[in-house]
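Chain IDs A, B and C follow the sequence of writing; residue 1 opens each chain.
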Amino acid sequence: MASSVCSALGTDKENLVGKLIAVEENHGSNGNFVLNCLIAEQIQKGGGVCLVALHNSFGHYHNIGTKLGYNLRQLQEKGRVESIEILKLLNGSLNTAHEDGSEQNILFGSEEDTVRNIFHLIEEKIKKILQNIKPVSLVIDDLSDLLCLGIPLKEVLSLLQYCRTLLDSQPGLSLVVLTHVAEGDEQQNLLTAGLCHVADMTVSICGLKTGQSSDVSGAMKVIHRRWDESAVAHEWNRQNLYHFKLLDRQVKVFAPGTASSFT
Amino acid sequence: MNMAVQQTSFQKKSKSRVPYIPGSKQSIQNAQLLVSSGVPSFDHAIGGGIPVGTVVLIEEDKYGTYAKLLLKYFLAEGIVSGHSLIVASQDSDCENLVRELPAPVQLDDSVRTSDSDDKMTIAWRYQNMRVVQSSPTSTSFGHNYDLTKSLDAEILKAADVCYWTGCTGYGQSESRFTNPAYYDLLCTIHNKIEEGQFGVAASPEKRNILRTAVHSVGSPLWTEETHVSSYQQKSDLALFFYCLRSLIRSAYAVCVLTLPSHLFQETSIIKRLEHLCDASVRLESFAGSEKETNPVYKDYHGLFHINQLPAINTLMSHVPESFDLAFKLRRKRFLIEKLHLPPELQETTQREQDDLPSLASGICGVQTRSILDF
Amino acid sequence: MLSSILTGKQKSVLVCIQDSLEQSGFPLLKAFVQHAVDRKENHVHIICYEHPTGKMKNGLKNSGEDHVHFHDCFTDHRGWIESQKKENIKSGVNTRGNSLLSVLQSSLVTSTNDCVVIIDSLMPLIYYNGFTKCYRELHSLLTKSVNGLAVSQVVCLVHKDTLPDAHAALPQLCHLAATIVRVGPFTQSSRGNPIAHIIHKKQGGKVLKRAEYYFIDADNRVKSEDLTVVVPTTTGMNKEMIDDSNLPQNLTTFKLSLGQQEKQARSQLVLPYLRRVNSEKGGEVFYQPDAADDWDEEDPDDDLDI
């Protein structure tokens, strides 16, 4: 179910601990499935997940999870899954301006404070979950939403950098960050480039250039970066292009041009 | 938010976790709870209906008439289904909008009216038979509305409608918004959700849906005089949409907004707003454009572009049969369908291919009258 | 030329490597570090802003030696963790001081020899301290001596695509730098190796421009060769410059071209209605009479009385 995506990414064979996977969701496509599949794989391997949900509520991931074969709510009760629901925090911040200075208030106060509070929340949850279980994936969906919150680009990049420091300071952690990018949006483009420059693997999702198709939902490009090997050009930036089709309970991944009618 | 019931192929007869709310139904594809937009063909185009907990963005046509109409259908459907409403606008008079809401078409009416499209030539015996009503309840899902009749004043009075036409006093200068109107509207909605117990976490006696309609958000009236650049207007809009998303996701609510996107110079802000919504469509009206006189489009009033479809609680969004959709407005029906060529009226052998603009779907040509008639 | 800059044969006070997502300049930067470390005379200060120091140390030979100093400006770069410990939430002051000067000033090493400063990425500096401040600091590093440190060379890495206002900032950086190395992905003539466009301003004032492809081995040594661009033919078409992104083959995922087998099969195909002409006879007419034809063997001219 989630395995075709994971084998295309190579995450089923590779050890992701200490690594950052960037998911670049281009406007006009939906890259959510990559996160769901990576979560599925981590659960299946017996690991834990810390989900920072900016774009959807926890129930969304839970519902998709039930179709992919796992129950996030139950896992959360058991301590294998932690979540930070930013939408809930935002909801709570509305109409509560008088409680300024509260850590949970993300709509008021300085932007740096907001981002710092979010980081402290993440750090807390990571430390908590790593006591119970290893390895753990920190999944952030979606980083560009912070820009919509009015947070300047440099603060968002700071948050990203602090999350990366966790990769060193907390052994057993891997990082998956999704960001949305539309052509012409300078902030989003800078953010995406900044993220991809420091990532060990970039998964770029976009719609088909030739228009809509009922056989293919979109294209997926997987780019691997090898920091430790000598910089032979084609090894450094190894790219693989796939097409994928989203179905109700699974995602089919195939080489471009080989889609047969699945449905 | 958990709107879907546990996925099993075996349907249990016992009470499901999702309570029955009048005017809503479960999607056949993924058990997501849906409400009708008030236009059955709109519901069909976006996959059955508007999922509860989502935000729909309608990019207005140039003169805004059809977008406003869609909003009216949305509100009318809410009243007919007994839902609570919030109507917000700085451009138009909200109370007037509600007073002018159309009445639903009665069942007997829909059978008697013979649209030239509906005339059956082969199965003419069935022409006068009653249309089978699939759902027996009085508040069924999705109605057609008669624009010549207004909704009964008594029903309107009994309905729970809340109006917002500008700052009501929540304006908080310390919020990240430069224009306090946005924050004010958000607080209004937030309060209504709390008071009416629409939140997912709340446990009211009887569950109901909250429909929020915002007309012409982001119009020039939403620009503060103190705005130095359009950047602030855009960042306000993005923040507003994001907060709105958090509000609607937390409750049994849906929101439909219309936005005059043709007034925006940069498309990047529209794309950001699209991403923050769940469904996004754009209306393109032919009125006043060269397409009005184009014979290909003569049966329609405009084009219906789908930019995004909801993918909440599910991996895949609905895949429509076609993305080349057009709409036409009838007195008793707003119809969105696949763009069809007008039927050929003359028999000629000449094919005119040069005068027509290229359309996405494969169209070879339209036959017109020619002197070379054999 | 690249190798001569690396070894120091060509002196350069500020080397600015510019890369993008298509080709990273990090390995090249590492090669600079390696060369500086191997030279052993000078102290080498490696300031890591964008990556943990481990990433730079990984694969570097002799990195543990005394004259090599790593500065970690990656962890806690905004002081969030520090300020939390001191329970000073409102602290907007950067407690550690991440600017170039403060990092080097706080460095305990004093030396009269010229030292080499290598910065793993200017981007965090530019974002948090502003471009102008960063520019000033680079400039002052090269001109004044800091805490007794005399800087002989600064090597830094800049990502073109994450630089805000790149159209303004990049030329300014190029103005300051003595050497600009723009790395790019491999091309047809670079034999699979990444390419580098180098602009070097010599101390005398002469400006050298080179295009080379380079290869970095496992010991972080660089070999570079001149990039020979295909000479334009008389028709003015440069093979390298043909933009094939508009060819239908590259726009669609359908397979438009023919494979080898298919080409063979095509050549062997016998077209219908085409008979093999026997060329010895000269021209021949093949006529298939159908049912309606009245084939008469007689020559109608026989009736003529001439």
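Descriptive notes on the structure:
Definition applied: a residue touches a chain if its C-beta (ideal position, glycine included) is under 8 Å from a C-beta of that chain, and two chains touch if they have at least 3 such contacts.
Which chain is which protein? Per UniProt: A = Elongator complex protein 6; B = Elongator complex protein 4; C = Elongator complex protein 5.
Bear in mind the structure is a predicted one, so any value in this text is a computation, not a measurement.
The chain closest to the protein's centre is A, with centres computed as averages of CA atoms. Centroid distances from chain B, each centroid being the mean of CA atoms, peak for C. Centre-to-centre separation of chain A and chain C, using mean CA positions: 27 Å. Once the centre of each chain is set as its mean CA position, chain B and chain C turn out to be 48 Å apart.
Once the centre of each chain is set as its mean CA position, chain A and chain B turn out to be 31 Å apart. On the chain C side of its complex with chain A, the touching residues are 21-24, 26-28, 50-52, 54-55, 58-59, 74-78, 80, 84, 89, 92, 123-124, 127-128, 159, 161-162, 164, 185-186, 190, 192-194, 215-218, 251-255.
On chain A, the positions that touch chain B within their shared complex are 27, 30, 32-33, 36, 56-57, 59-60, 62-64, 66-67, 86-88, 90-91, 94-95, 97, 100, 107-108, 144-145, 147-150, 180, 182-186, 188, 211-212, 214, 217, 246-251.
Every residue of chain A that touches chain C in the complex is listed here, in rising order: 110, 112-113, 116, 119-120, 153-154, 157-158, 161-162, 164-165, 168-169, 189-190, 193-194, 196-198, 209-210, 225, 227-228, 230-234, 236-237, 243, 256-257. Remark: chain B residues 1-4, 6-7, 29-30, 170, 172, 174-176, 186-187, 190-191, 235, 238-239, 241-243, 245-247, 249-250, 266-268, 271-272, 274-276, 311-317, 319, 323, 360 touch chain A in the complex.
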